[in-house]
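Below: a set of structures, written as C-alpha cells.
There are two complexes below, and they share chain A, which is joined by chain B in the first and by chain C in the second.
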Partner chain A sequence: MKTEKTGFWQKLQNVDRRVLYLILVVTTSVLLSPMFANISIPDDPEPSSKALYYKLMSAPDNKTVFVQSDWTISTRGENAAHLEALLRVLMSRHIKFVIFTVADPQAPGVYRDVIRTINSERKSEGLKEYKLWEDYLDLKYFPNAEGTLNAIASDVRKAFGGVTAKDPTTGQDRNVFESPVLANVRAVSDASLYMIVTASSSIDRAVERLNEKATLALMCTGVIGPSAIPWFQAGQVKGVAVGLRGGLDVEYMMKHGLNYGSDPKTARWAGHESQVAPPVSEGKSLARANLYFLSFHGAIILLILAVVVGNIGMFVTRKKRTA
Partner chain B sequence: MNLLAQAAPNYNFWAAEPGSARLWIMILVSLLVGAGFYAALFYAPSRIRKPIVWTFTFAGGLFYVLYWAWPQPVSYHPDDIPNGFVENVGFWLHDALPRVADISNILTAFLLGLGIYSLLRIHTGRIVKRQADRGFSVVFFIAMLAILVFGYWDWSLREADTKGLLQDSANWQLANFGQNLLFDGFLQQMDSAMFSMIAFFILSAAYRAFRIRSVESTVLMASALILMVSLLTLVVTNWDSGVANLAKNVFHDSKADPATFQAGYLNWMKLSSIANWLKAYMQVPALRAVDWGIGLGALAMGLRLWLGLEKGGVSV
Partner chain C sequence: MNSQATLDLFNFVKITCGVLATIGLYSVLYKETKLFRFFEHVFLGLAAGYSLVAVWKDALYTMWWQKMVGHAVDATHQSATAGYWIYAILVPIGFMAYQVFSQKHNWMSRIPIGLIIGLWAGQQVQIWWQTYGPQIYASMLPVWPTTFSSLVKPPVTPDLLPAQIAAINKELYLTQAVNNLIFVVTLLSAFTYFLYSFELKGKFMLGFNKLGRWMLMIGFGAIFGSTVMARFALVIDRMFYIWIEWFQSMHFGGR
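This part shows the complex of A and B:
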C-alpha cells in the first residue's frame, strides 16, 4: 500500500491540542514568575482611562465615593486589578467610600478580600489602615439591580435606610447614615463619584437609572468594554478603564501621573493638557495589572502565532493538493 | 401611604431593631406566610392561579410605568406639601419607589431560595433512585452543608465581635479558618480555574478554525489581528514612537513629536490610531445596532409579559 509522505506544515496542522495547552501554560506561567515581576511595562494609556484617572485624582477628598463592585473571582484577572487600583487611589487620597454589589451574592466576599489585601499592604508600609465605619462602609448585596438603582436615584437615604453596620466605639449596630462615611450624603449626587467595577452589563442599568443623578465612572472587563464605550463617548460615563489594559493604564498613571510636569514617562493627553493629575502620593502604584500584563502579552502573541501558523499550514496543504 | 413613605430608622410595626427577637419572629412569620401563599398558589387550579399571577405582574409593571410616565416633582424635598392631584400622585410615586425596590429585592432573594430548592430536589432524587453519578450529588450535599455551617458560624462570630478583633487573622477561630478555606481556598479557586479554561479553547479554536476562506473572513481576521496587537503596549509604544520619529526625521513634519508619540499627518499609521478607528467606527456602531435590536425585543417581550399575552404564562 502506498503511503503519502506528510510534510512539515501538514504535521503542524495535526498537532495535538494538548501540546497547544501545554505551550500556553508554560508561556503564561514563566512570564508570571518573580523574575519578571519588577519589569515596568511601557504604556500610552487610552483616552478613556486618562479621563477616569483625572476624575479620580480631581475628586474632592472631603466627599464620599460610591463603589459598586459587581464581579466575582472568575474575572479576577481584570477586575481585581481594577478594584485594587481604585482602592489604592482612594486610600492614598484618604477619601471615604461605600462599597456594595447589585450583581452576585459572592461579590461581597471577593471585594472584602481585596480590601483586606490592600489594608495589610498599607500596614506593612506603615500607612494608615482603612477602618470600617470610620473610613468605609460595606453595604453588602442587593439582589435586584434595577430596583436598587432606581431607589438610589430616587432617595439614597431610603434605599440604604435599612442597612446597619457595627460602630467599633460602642460595638453596636447603627444605621449607616450615622457613620462619618455617609453622614453628609443626602442624595446620590452628594457623592463625588459613583464607580462601577463590573464584569456584567450592570453598567447599562446604572446609566439608565443614575446618569442624571451621579457622576459615573467605570472599570470593566474587555468583553463589556465595547458596549460601554458609547456611554463614555456620549459623556454619560466620565471615564472608563477597559480590561487588563485599562487596569495597566490606571496603574501606569498612578506611577507617572497625567500631563504631570516634565516627566518624559508621564501620560500625555493631547487636547486636554490642562487636566493635570499627579502620581499617587503613597502606597503601591504598579501592582497586579503590571504583573499580569507580560503574561498577557505572551498569551496574545501565542494566539496571533496560532492564527498565522494555522493559516499558512492550510494554504501550503491546499497548494500541495492542487499541484 | 404612610407605610410606603416611612423613613427607615423608625422602628414600628413594619420595621424592627436589627438583631432583636421581634425581628426574628417577624422574619419567621413572613417566611411562613410567604411559603403558605406560594403553596396555595401552587395547588390552586390554573383558572384561579392565572388571574392572581397576572394581577401581581400588572400591578408591579404599572408602578414603574407610572413612575416614568407621570410628571415628577421638581426639586423634591420630603417636607414639601404637594399641590393638586398630579403632584400628589408624583409625590406618592417618589416616596413609594424605595419601598417597591425593597419588595423587589426580597422577591429576587426568594429566587435564590427557589434555586436551592431545585438543586436539593434534583440531587435528592438522584441519590434516592440510586442513579448513575449519584456520588457527585453526595459531594454536592457535603459541600453545601459545609459552606452553610461554616458560613453562618463565621458570620455569627463576626456579629458578636464588637471590638473588630476578627479583622486580624491572628485572632481567627476554627469557624473563621474553615470559612476562609472553603470560600477563598476552594470555591474561588475553582471558579477561577473554570473561567481560565476559556483561554485554552480560544487558542485551540484560533489554531484550527480561524481560517481565511473568503473576503469576509480576511477582513475579520485583519481587524482581529490589529486589535489584538493594539493590546500589546510593548509593541504599540515602540511602533507609535517609531512613526513619530519617521514623521519628524524623514518627512520633516513640524507637528510630529516623538516624546509624546504625536505623528502629525502620519497619525493614521500609528497602531493605536488604526485600532481606535476600528473600535469607534466599526465595532461600536455594530454593537449599538445589535443593542438597539435587543432593546426593541426586550420592550416587546416586556409588554407581552406585563399584559399577560405571553403563551405559557398567564394567557391561555
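This part shows the complex of A and C:
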C-alpha cells in the first residue's frame, strides 16, 4: 500500500493547538521580561482617546469627578491600565472623586487594590496620598444598574443618601454628603465628569439614563469598544479609550501632552489644534499599558504569522490534491 | 515576626494562591484535568460566597435594612431616623418570585415579574430616544463641500481669534465631505441589506445591497479583531502576574 508523503506545509497545518498555546505563552512572557522593559512602542493616539484626555485635563479642579468602575479581575489586562491612568490624572490634578460600581459585587475589591497601589506609589515618590473622606469616597456596590442610574439621574442625594463613611477626624460614620468630596454636589450635573471604566454593557445603561444629565466619558475593553464608538461619534460620550491601546494612548498623552507646545512627541489632533492639554505634572505616566504593549505586539505578530502559514498550507495542500 | 514581615508573608501567600489558580485554570488548554476542575469549583464557590456577603453588606443592609428599621441616636451621634416599615413589603414580593419552583403556587411568581416588566417597559420610549435619537441626528451629515479654498481643514491653532476659528469650523472642506460621503454610503448600503419586505430589483439596488453586505462583513471583522486583542490582553496580564508580580517581585524584590 502506497502512503502519501506529508509535506512541510501540511505538517504545519496539523500542528497541535497546544504547541501554538505554548509559543504564545513563551512569546508574551519573554517580551514582558525586564530586558525589554525600557522599550516604548511609538504611539499616535486615537481621536476618541485624545478627546478623553482633553476632557480629563480640562475638567475644573474644584469639582468632583464620578468614577463608575464596572470591572473585575477577569479584564484586569485592560481595565487596570485604564483605572490606574485615570486615577493618576485625577490625583496629579488634586481632583476629588467618588468611586462605585453598578455591575459586580467584586468590583469594589478590585478598584480598592488600584487605589492602594497608586497611593503607595505616590507615597514612595514623596507625593500627597489620597485620603478617604477628604479626597475621595468609596461608595461600594449598587445592585441593578438600571435602577441605580435612574436614581442618580433624578436625585443623586437620594441615590447615595443611605451611604455613610468614616470621618477620620472624629472616627464616626457620617453621611457621605457631609464629606468635602460630595458637599457641593446636589445633582449629577454638578460633577465635572462622569467616568465609566467598564468591561460590560453598563455603558449602555449609563448612556440610556445619564447622557442628558452628565458629561460621560468611557474607558472600556476591546470587546465593548466597537459598540461604544458610535456613542462618541454622536456626542453622547465625550471621550473613549478602547482596550489596551486606549490605555496606552492615555499614558502616552500623560507623558507627552496633547497639542502641547513644540514637543515633537506630543500627540497632535488635526482639526482640534486649539484643544491643548499638558502632560501630567506629577507621578507616573507610562505604566501598565506601556509595559504590556510590546508583548501585545508579539502576540499579534504571532497571530498574523499563524494566519499566513495556515493559508499558504491550505493553498499548497489544495494544489497538491488537484495535481 | 513584626507586622511588616507578617504583611509580606500574607502578600506572598495571597499572590502564590493566585498563581496556582491561574496555572490550574489554564491547564484546561492542555486537557481537562482534575486540577482544572478543582480550581473551577474553588473559583465558582468563592465568587458566589463573596457576592452573597457583598450584596448584603454593601447594598441590602445600607439601602434596605437600615432604612426599614431606622435608628435611635447612637454612639456616632447621628440623628435618629424613623423606620420606613413599608419597605418590609419587598420581602413577600421577593419570595413570590421563588414560587416559580412550586407547581401549586407558581402563579405568584408572575406578580414580581410583571412589576419588573412593567417598570422596564415604561422606561423604554425615553430610553430608545436617548440611545438612538442623537445617533440618528449625527448620521445626517453634509456630503457637498462648502469651500474649495483648501482641500483639508486648516489648523485651528490657539493663537487664532474666536471669529477666525468660527469661520474655519463653519466650512465643510473637500476631505471632510469625502469622509462624510463614505459614512453615509456605508450607512445606507448596510440598511439596504435589511430590506426584507420586498424584493430588490435592478443592478443598482442589488449592487448597493452587496456593498452593504461587504461593509457589514468588514465591520464584523473589525469587531472580531478588537475582541481577539482583548483576549490577548488577558493572557498578557496573567503572564505579568506570574512572572513579574509573583516570580520577580517575590524572589528578586520588584521590577
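A few remarks follow.
The definition used in the following text is that the second predicted complex is superposed on the first by the 323 of 323 C-alpha atoms of A that agree within 3 Å, B and C clash if a C-alpha of one lies under 4 Å from a C-alpha of the other, contacts with A are read in each partner's own complex, and residues count from 1 in each chain.
Simple rule for what comes next: contacts are C-beta pairs under 8 Å (C-beta built on N, C-alpha and C of every residue); 3 or more make two chains touch, one makes a residue touch a chain.
All values derive from a computational prediction rather than experimental measurement.
Overlay on chain A: chain B and chain C clash in the combined arrangement. By the touch criterion defined above, A:G235 lies against chain C but remains apart from chain B after alignment on the C-alpha atoms of chain A.
Judged by the touch definition given at the top, the superposed model places A:L132 against chain B, while chain C stays out of reach. By the touch criterion defined above, A:V316 reaches neither chain B nor chain C.
Looking at the shared chain after the overlay, A:G162 reaches both chain B and chain C. Within the superposed three-chain model, A:R245 lies in touch with chain B and with chain C [touch as defined at top]. When the two complexes are overlaid on their common chain A, residue A:H272 makes contact with chain C while staying clear of chain B. Touch criterion met: A:S154 reaches chain B, while chain C stays clear of it. In the superposition on chain A, A:I304 makes contact with chain B only, while chain C stays out of contact range.
Contacts of A:Y21 after superposition: both chain B and chain C are touched. Common to the chain B and chain C contact sets on chain A are residues 21, 24, 28, 74-76, 105-106, 109, 142-143, 146, 150, 162, 164, 172-173, 175, 226, 230, 233, 243, 245, 270, 296, 299-300, 303.
Contact residues on chain C toward chain A in their complex (touch as defined above): 29-30, 47, 50-51, 54-55, 58-59, 62-63, 66-67, 76-78, 120, 123, 127, 130-131, 134-135, 137-138, 152-153, 155-158, 160, 165, 219, 222-223, 226-230, 232-240, 242-244, 248, 255.
If you check the complex, the residues on chain A that touch chain C are 18, 21, 24-25, 28-29, 32-34, 37, 74-78, 80, 104-106, 108-109, 140-143, 146, 150, 162-164, 172-175, 204, 207-209, 211-212, 221-223, 225-226, 230, 233-236, 242-245, 259, 270-274, 276, 291-292, 295-296, 299-300, 303. Chain contact summary for the complex, chain B toward chain A: residues 7-9, 15, 18-19, 64, 67, 94, 97-105, 107-109, 111-112, 162-164, 167, 183-184, 187-189, 191-192, 194-195, 199-200, 202-204, 206-208, 210-212, 221, 224-225, 228-229, 231-234, 236-238, 240, 259-262, 272, 279-280, 283-284, 287-288, 291. Residue ranges of chain A in contact with chain B, taken from their complex: 15, 17, 20-21, 24, 28, 41-44, 72-76, 105-106, 109-110, 113, 116, 131-132, 142-144, 146-148, 150-151, 154-155, 157-159, 161-162, 164, 166, 168, 170-173, 175, 177, 226-227, 229-230, 233, 243, 245, 248, 264, 268, 270, 293, 296-297, 299-304, 306-307, 309-311, 314.
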